[in-house]
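First chain A sits with chain B, and in the next complex the same chain sits with chain C.
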Partner chain A sequence: MEPITGKALILACSAIGAGLAMIAGIGPGIGQGFAAGKGAESVGRQPEAQGDIVRTMLLGCAVAESTGIYGLVIALILLFANPLVRLL
Partner chain B sequence: MDDTWNLQKKIVTYTLMVMSVIALGALWVSEEPKPFIYALVFGTLIGILNFRNLALTLEKAVTMDPAAAQIYASSKYFIRFFINAVVIFVSIKADYLNVLGTVIGLFLIKFAIVATSLFNKSALFKRNTEGKEEE
Partner chain C sequence: MEDANFIIRFLNWLMSFDRKVLILAASAIGAGLAMIAGIGPGIGQGYAAGKGAEAVGMNPKAGKQATMVMLLGAAVAETSGILALVVALILLFGNPIITQEGAVLVLAASAIGAGISMITGVGPGIGQGYAAGKGAEAAARRPQYQSNIIRAMLLGQAVAQSTGIYALIIALVLMFANPLIKLM
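Here is the complex of A and B:
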């Protein structure tokens, strides 16, 4: 059996790390869906406040999305531009 | 007209202004500014389009049934997530685009939102005192 090289170990661990980082993308999706559902309920209860509800939701959802993109950036850098391989 | 059109215009204007300032700064500081500026413009434009898509999604979602709105908003989020993934992947693979510039461009609209709405002290003060005046 061939011994595991340092590069292979780093690439394997990076792939696991990228997979773990992608989990961060699920949270904002669930959260945004939940917010949209509650927003729809609120508009049903108070239709005249639709403008305020959508404006508040827009700002909140846009900022909440950024955490998912953080994870995505980390995952893609680990997969396609891994800085750790160059350290060997 | 859309409920959020004025807000969108304001946020996009601030984002473009901040992008111009960062691009001019890169032009001033860096010796090879082209990849960074191209990537910054690319990332910012995609960020603005994603923001517009989010606004359209939410405007439609609030008129739907709550259970359908949840599924609709989540599925649209994952489409935007995939678009972001493609954009970052392209900027990693292309030599003429700087990855950092693209990532900064994608986040610029979020920074603009935080800077204009959450740190707007006069609006916060007005919101806090509105209820008390009525009492």
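Here is the complex of A and C:
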């Protein structure tokens, strides 16, 4: 039986927390898919405006991506530059 | 203090088990959590199927084009489910965590964390399915522009997949190149 150290507990919780942080990706996934759907619909309606439609869609998708990136950054910090163990 | 005592008692109870038992149990939970991602493709493809049926009903002459766009989009929407399945199968049949050195609590928690991370697949699954449905609708309306519609749909779906890929990377890092172990 290994003794429980405080450090092990913090690192264990960091692993779970990194996983939880990534759940944020659900939102951008749904939102960007909605944008893609509306984009496909618009191209079908006005094929000659394809370039403009796709540009606007990608711009919106880039904004929608931001929260997913935030989640990724927190997960990477928890894994590779854990600030919590340094506070011990 | 009562709550803290409970947590410590729980952790002591956990640590009274063998190292392998703990990691394998956590891997089982992680595999189950990963498969929750299946919700996304399920909803998304169902939406695409509904829109496909609607599109064929609206313009039966373009039924082939609409069905083709729907199937292509639904196949892309399946990606997140497959990625989650792969992570779950790795945890079950090719468990990389069991052979790793380091604190057992961290390794067990990493298995659970990898599973939780894959839940993200819900989002891309729903979103890409929505795009597939709208693509089928558009193809039924203007079958002659099928290739343009497919191009716009696939481009958007590729962007929608990004968060699912991030989650996969975090899950793989937790399983194969755990940086937390080095901190102990």
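Throughout what follows, the second predicted complex is superposed on the first by the 84 of 88 C-alpha atoms of A that agree within 3 Å, B and C clash if a C-alpha of one lies under 4 Å from a C-alpha of the other, contacts with A are read in each partner's own complex, and residues count from 1 in each chain.
The working rule: a residue touches a chain if its C-beta (ideal position, glycine included) is under 8 Å from a C-beta of that chain, and two chains touch if they have at least 3 such contacts.
A quick note: this is a predicted structure, and the numbers were derived from the prediction, not measured.
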Chain B and chain C placed together on chain A: clash or fit? clash
Q.
Contacts for A:Ile23 in the overlay, against chain B (first) and chain C (second): which applies, first, second, both or neither?
A. second
Max touched-residue count on chain A (chain B vs chain C) belongs to chain C
For A:Leu59, using the defined touch cut-off, is the partner it touches chain B, chain C, both, or neither? Pick first, second, both or neither. first
Query = With the two structures laid over each other on chain A, which partner does A:Lys7 touch: chain B (first), chain C (second), both, or neither?
reply = second
In the overlaid three-chain picture, which partner chain does A:Gly33 touch, first (chain B) or second (chain C), both, or neither? both
Task = Examine A:Gly51 and indicate which partner it touches, taking first as chain B and second as chain C; both and neither are also allowed.
result = first
If you stack the two complexes on chain A, which partner ends up touching A:Ile74: first (chain B), second (chain C), both, or neither? neither
Exercise. Answer with first, second, both or neither: which of chain B and chain C does A:Glu41 touch in the superposed model?
Key: both
Chain B and chain C footprints on chain A meet at residues 25, 28-30, 32-44, 50, 53-54, 57-58, 61, 65, 68-69, 72, 76, 80
The answer for chain A against chain C in the complex is residues 1-5, 7-9, 11-20, 22-45, 47, 50, 53-54, 57-58, 61, 65, 68-69, 71-72, 75-76, 79-80, 82, 85
Interface with chain A, chain B side, in the complex: residues 3-4, 7-8, 50-51, 54-55, 57-59, 61-67, 69-74, 77-78, 80-81, 84-85, 88-89, 92-93, 99, 103, 106-107, 109-110, 113-114, 117
Listed in rising order, chain C residues that touch chain A in their complex are 8, 11-12, 15-16, 19, 40, 44, 80, 103-106, 108-110, 112-117, 119-135, 137-139, 141-142, 145, 148-153, 155-157, 159-164, 166-167, 170-171, 173-174, 178-181, 183-184
Touching chain B in the complex, chain A uses residues 25, 28-30, 32-44, 50-51, 53-55, 57-59, 61-63, 65-66, 68-69, 72-73, 76-77, 80-81
